[in-house]
Amino acid sequence: MDIHEYQAKERFIAAGIPVPPGRIATTADEAEAIARDFGGPVMVKAQVHSGGRGKAGGVKYAADAAAAREHASRILGMDIKGLTVEKVLVTPAEDIASEAYVGVLVDRKTQAATFMVSAEGGMDIEEVAATNPDAIRRLAVDPRYGLLPHQAYWLANFLYEEPAHIRQAASVIARLYDSFVDSGASMTEINPLITTPDGAVKAIDAKMSIDDNELFRRPDVAAMRDNSAEPASETKAREASLSYVKLDGSVGCCVNGAGLAMATMDLVKYYGGEPANFLDIGGSSNPDKVVAALEIITSDPNVKSILFNIFGGITRCDDVANGIVEATKRIQIDVPIVIRLTGTNEELALEILEKAGFSAYTSMDAVVEKAVQLANA
Amino acid sequence: MDIHEYQAKERFIAAGIPVPPGRIATTADEAEAIARDFGGPVMVKAQVHSGGRGKAGGVKYAADAAAAREHASRILGMDIKGLTVEKVLVTPAEDIASEAYVGVLVDRKTQAATFMVSAEGGMDIEEVAATNPDAIRRLAVDPRYGLLPHQAYWLANFLYEEPAHIRQAASVIARLYDSFVDSGASMTEINPLITTPDGAVKAIDAKMSIDDNELFRRPDVAAMRDNSAEPASETKAREASLSYVKLDGSVGCCVNGAGLAMATMDLVKYYGGEPANFLDIGGSSNPDKVVAALEIITSDPNVKSILFNIFGGITRCDDVANGIVEATKRIQIDVPIVIRLTGTNEELALEILEKAGFSAYTSMDAVVEKAVQLANA
Amino acid sequence: MSIFIDSDTRLVVQGITGRDGSFHTRQMMEYGTQVVAGVTPGKGGQTFEGPGGRTAPIFNSMDEAVAETGANTSVIYVPPAFAADAVLEAADSGVTFVVAITEGVPVLDMARAHAFARDKGVRVLGPNCPGLISPGKSKVGILPAQIVTEGPIGVVSRSGTLTYEAVFQLTNVGLGQTTCVGIGGDPLIGTNFIDCLKAFQADPDTTAVVMIGEIGGTDEQEAAAFVKEHMTKPVVGFIAGQTAPPGRRMGHAGAIISGSAGTAEEKMKAFADNGIAVAKRPADIVGLIQDAIA
Amino acid sequence: MSIFIDSDTRLVVQGITGRDGSFHTRQMMEYGTQVVAGVTPGKGGQTFEGPGGRTAPIFNSMDEAVAETGANTSVIYVPPAFAADAVLEAADSGVTFVVAITEGVPVLDMARAHAFARDKGVRVLGPNCPGLISPGKSKVGILPAQIVTEGPIGVVSRSGTLTYEAVFQLTNVGLGQTTCVGIGGDPLIGTNFIDCLKAFQADPDTTAVVMIGEIGGTDEQEAAAFVKEHMTKPVVGFIAGQTAPPGRRMGHAGAIISGSAGTAEEKMKAFADNGIAVAKRPADIVGLIQDAIA
């Protein structure tokens, strides 16, 4: 789960990381009032779960309150990569002497929370990694010991020359690790971490993604979820415990298992179609889940055909068949459905479907080819 | 630093360990009022830093408030192993179905916080270890991982048969470890951990010693120090950063280094004397420390002679000599002082002492023999 | 032969009385796996009743289960909040192989549990994996037994149902398997492709290997380099997620493209560059394997 | 020869600019120890000016100090609040031997630091120890150099000044030392009696060993058993604290009698039972050593 910049900053402040003050506005009036309170020039920053806010015009410098109002009125309601901006963060504009990058993420290779720091801040770290890998220092945090003080210092020492900067940055790094762990994060970054002309070190941007698996025991973090920051269909899928990602194609996909779901999308493409979504109904086979899945898929107006690809293991084919039949009773489905079922209770499922007037395939290639053909018709 | 039972219980309660309620009384009136508040029978327990309170008559069952008053009036002011009882804890008497022992201490051999648990509660664990070692289960907590849930369960499983008891005890054990670490303790124990007839598991006694080296960063724990619970001379020594333990003999000892100080005491005994104290003035050689040391030693009326044994290393002999001369100016010393100084700046020291009318030895045996002779004269 | 499990596997089921645990214990018993014990705290002393009169004693702790039954392998079906603790307990109990089926385990919990298992020299498979099956010998986990058959092919995969698909197609043409291993879709897993490839290379009965990867991370690239350097047996590869958009998590916590290295394209290129035959779709795997062992 | 340090020891001083650190660095330089670097965060780039024109570069971190100077040993004089962190940093830096002089380090901090050093394969001496000296070769710590001289006796002790006493008496009768080691008075120490005895037994130049123990714990008993089982060289022992009352801490955090095992009597008995000649008072050590090597 992604959280907004302002929410990540709240986590940072709680961990003792120096962050300039900031307040959230949902209207231009509010933005103006906040800017007036702060007094000097401010930044007006769109709060959306998307990179590239700056390039999209979602981050603006405002010399005074009137300018803040103007920028806010333009940014609020703006569409950034399909997401509507509902909130802006208004925060005093800082004098910047230098910009660095500090990030932590759970790294597959080291099997640990791993820091990346670079004196080349303000840029995409992936780009730095690609063009100038020596500009990045990495450290895997041994989960048995946590981040040790000398390690924080070692990272900070890579960013700055000045002892006072190094000391402050080491403290930021240690606290960022605490915040990462306390938040149940999978990724967090400060980009940029700035120095000001008077020698202070501050985090002026903040990003954090939470490990969804941590939410059950962190109600305060879970409460940060902003449903307006994702398509309604994804909210609905999440609430039904479905893994769903909306895409732009016309073939709706309903599959059990993430790998098989991806392979199914790929096969749609292979046969000349475009998948409308990724959707994994998961291992268990509650018919209600199938109903929810069909509701979500059919609410996408681009969908021209729907394909089921179920390999029964834990998932029982008859449950899926019952779900399909149930869904077609409850909701109006105007597009053709093609079904492939194999594995556990396959015969039972075919019987149920046949009774309800559906026919079913047993080969994955055949069903995908058919679904593409129907969508492209 | 030892803390009182009621203070250890406060730490336990903060960690979530079930402890019956209790309040502190410093007068019999207060004890009676508290017992009346609780309503039923209570225990009246002397709060002193000493084992064997029970045997000394410092722990009593009171059937009602009047009995509580009576017991409190007898216990308050009582002398237990040289310590005067200033406070009693009044706490409801519990129905006890079984008694177990749970303790943690820093163990030299495993180099880790180490649990000892036994279903034979209410006894001295050293005695259980000596007579029935199989009745104790031990677990060294790997400092890299802390106490793991299954380890707490494993310990609890050794104490009880009933799943509900095991579950509660595992929770107590996990919380006791947290309390141990959070308090900077070197030892803590619950003896006994009881079960009640209705199936609850509770800590009805509590002991905790704090690692003195942790106090600088735990002001809340440091504030638990009770100066009335130790001889005034030891408080004074601590405040002067001297290691001092009062003993019963007549030869006052002032030594640099703990090992040499013990060896000096042993040599006093070897030559037929009895040491009046252990006193280590430590590595640094501030003359003020020597003055404080002499003040403490001479305040003991048993002291008949004073012996200095200084092996100069970091300690500079001239500093010690200056301290001795300074002290004899500031305070009236009625007993003879014999001095052995060797090592760093020895010549300088001998000069200073000679000028002030002292003579000094260079052999440890000679000085000890002389001090004993003077004390026994 | 086979890898990781065989007919000497003596299994203890952690969470044996739960919904999933009891269901799959029955399935494993049915297949012939030696399920020697179950663990559910508070239910020690009870007996698990399996199909065909098979039973297994239930213990309060792994410690007791291993001491009493000589179990050497455990499988974990406990809920996500307790799964990492179950791995720690298993790694501390004396078993040498731990299969963690549970999905949804907090990743930082697993970082710690994996470190502990490494310290103890215990192999962990998963979490969030379907387990493994050595056809005709033993099945540990949730892989459907009816789709496998004995034979010379090793299968290793990050995905569950996609593995079934591939194995099913192999079985349909008579290509049986030594062992089918699902290594799991989480970012931090205990046994990776290379561990499995190494084991398959060392297993005399395995003649060729199917490796099924997906987007996210660079495990497949490292596995490809390993294949080139250390494997003499042919390997056929498939990667799921060619159409996945970057930055979005595709079901598995590990299946997210961040940076160009994690794309299907890069992984397929790494396969091809290192002598691994690349299947464009699952249906191509069988043909490529047949070519390889022809 | 000698143990743990010799003329190849390349020392970095952690906390070199502090009061104790700078004083003892001068002493060590004077004795001829190769002090190749110092570390004080924030003072990197400065130079430590020692006696006789000797200097050492100062670095911000151990990492840099070791990389730049090839140091293989460190000594720690930083205040107690930071000493365990200094051990962690040293153990992570590439040196193989860390001598922690600092007294007053929280014990649980050291439990963690010792575990880390073990994981890294780094030997720690101390904390709360006077360090060690190999006469004529190198001195690391605070032992006064003027009381030692080269010769065949190994000395190991839990105490500081008591060691000086014993060493001084040996030197006075012309019995020089290979190495004098103070292992420290804390409950959790990195190098214990047995580690030192093992090293002395292996050192061809050491012909006899003096072991000075004190009340508390059972390290002396275990050392005695080790002597009986593994040592061919004679060992003379002394125990301080025969008159110490039980339950009271005698200065050293480790010097507290809890239970009968920790008493001086028990320890002296263990010595005698295992073939260690027991000195009743420090002055007896010399005679016993002379008898042993006669």
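Brief remarks on what is shown
Order of writing sets the labels: A, B, C and D. Residues in every chain begin at 1.
Please note the rule applied: a contact is a pair of C-beta atoms (placed from the backbone, for glycine too) under 8 Å apart; a residue touches a chain by one contact, two chains touch by 3 or more.
This structure is a prediction, so every number in the text was calculated from the model and none was measured.
Among the remaining chains, A is positioned farthest from chain D, on the basis of C-alpha centroids. Taking each chain's centre as the mean of its C-alpha atoms, chain C lies 51 Å from chain D. Each chain gets one centre point, the mean of its Cα atoms, and the points for chain B and chain D are 28 Å apart. As a whole-number value, the distance joining the C-alpha centres of chain A and chain D reads 55 Å. Looking at chain B, residues 144-145 sit in touch with two or more other chains.
Touching of two or more other chains is recorded for residues 112, 116 of chain D. If you draw each protein chain as a dot and join the dots that touch, the picture is not a line, a loop, a star, or fully joined; it has some other shape.
Contacting chain pairs in the structure are A-B, A-C, A-D, B-C, B-D. Those residues of chain A whose C-beta lies close enough to touch chain C in the complex are 51, 106, 108-109, 111-113, 126, 129-130, 142-144, 181, 184, 186, 211-214, 216-217, 243, 245, 247, 255-263, 265-270, 275, 278, 280, 283, 311-315, 342-344, 364-365. Across the complex, chain B is touched by residues 41-44, 60-63, 85, 88-89, 92, 112, 116, 119 of chain C. On the side of chain A, the complex with chain D involves touching residues 145, 148-151, 153-154, 157, 163, 166-167.
Residue ranges on chain A touching chain B, taken from their complex, read 144-145. Residue ranges of chain D in contact with chain B, taken from their complex: 20, 80-81, 103-108, 111-112, 114-116, 119, 130, 142-144, 146-147, 157-165, 168, 185, 187-188, 212, 214-215, 217-219, 238, 240-245, 247-255, 258-260, 264, 280-283.
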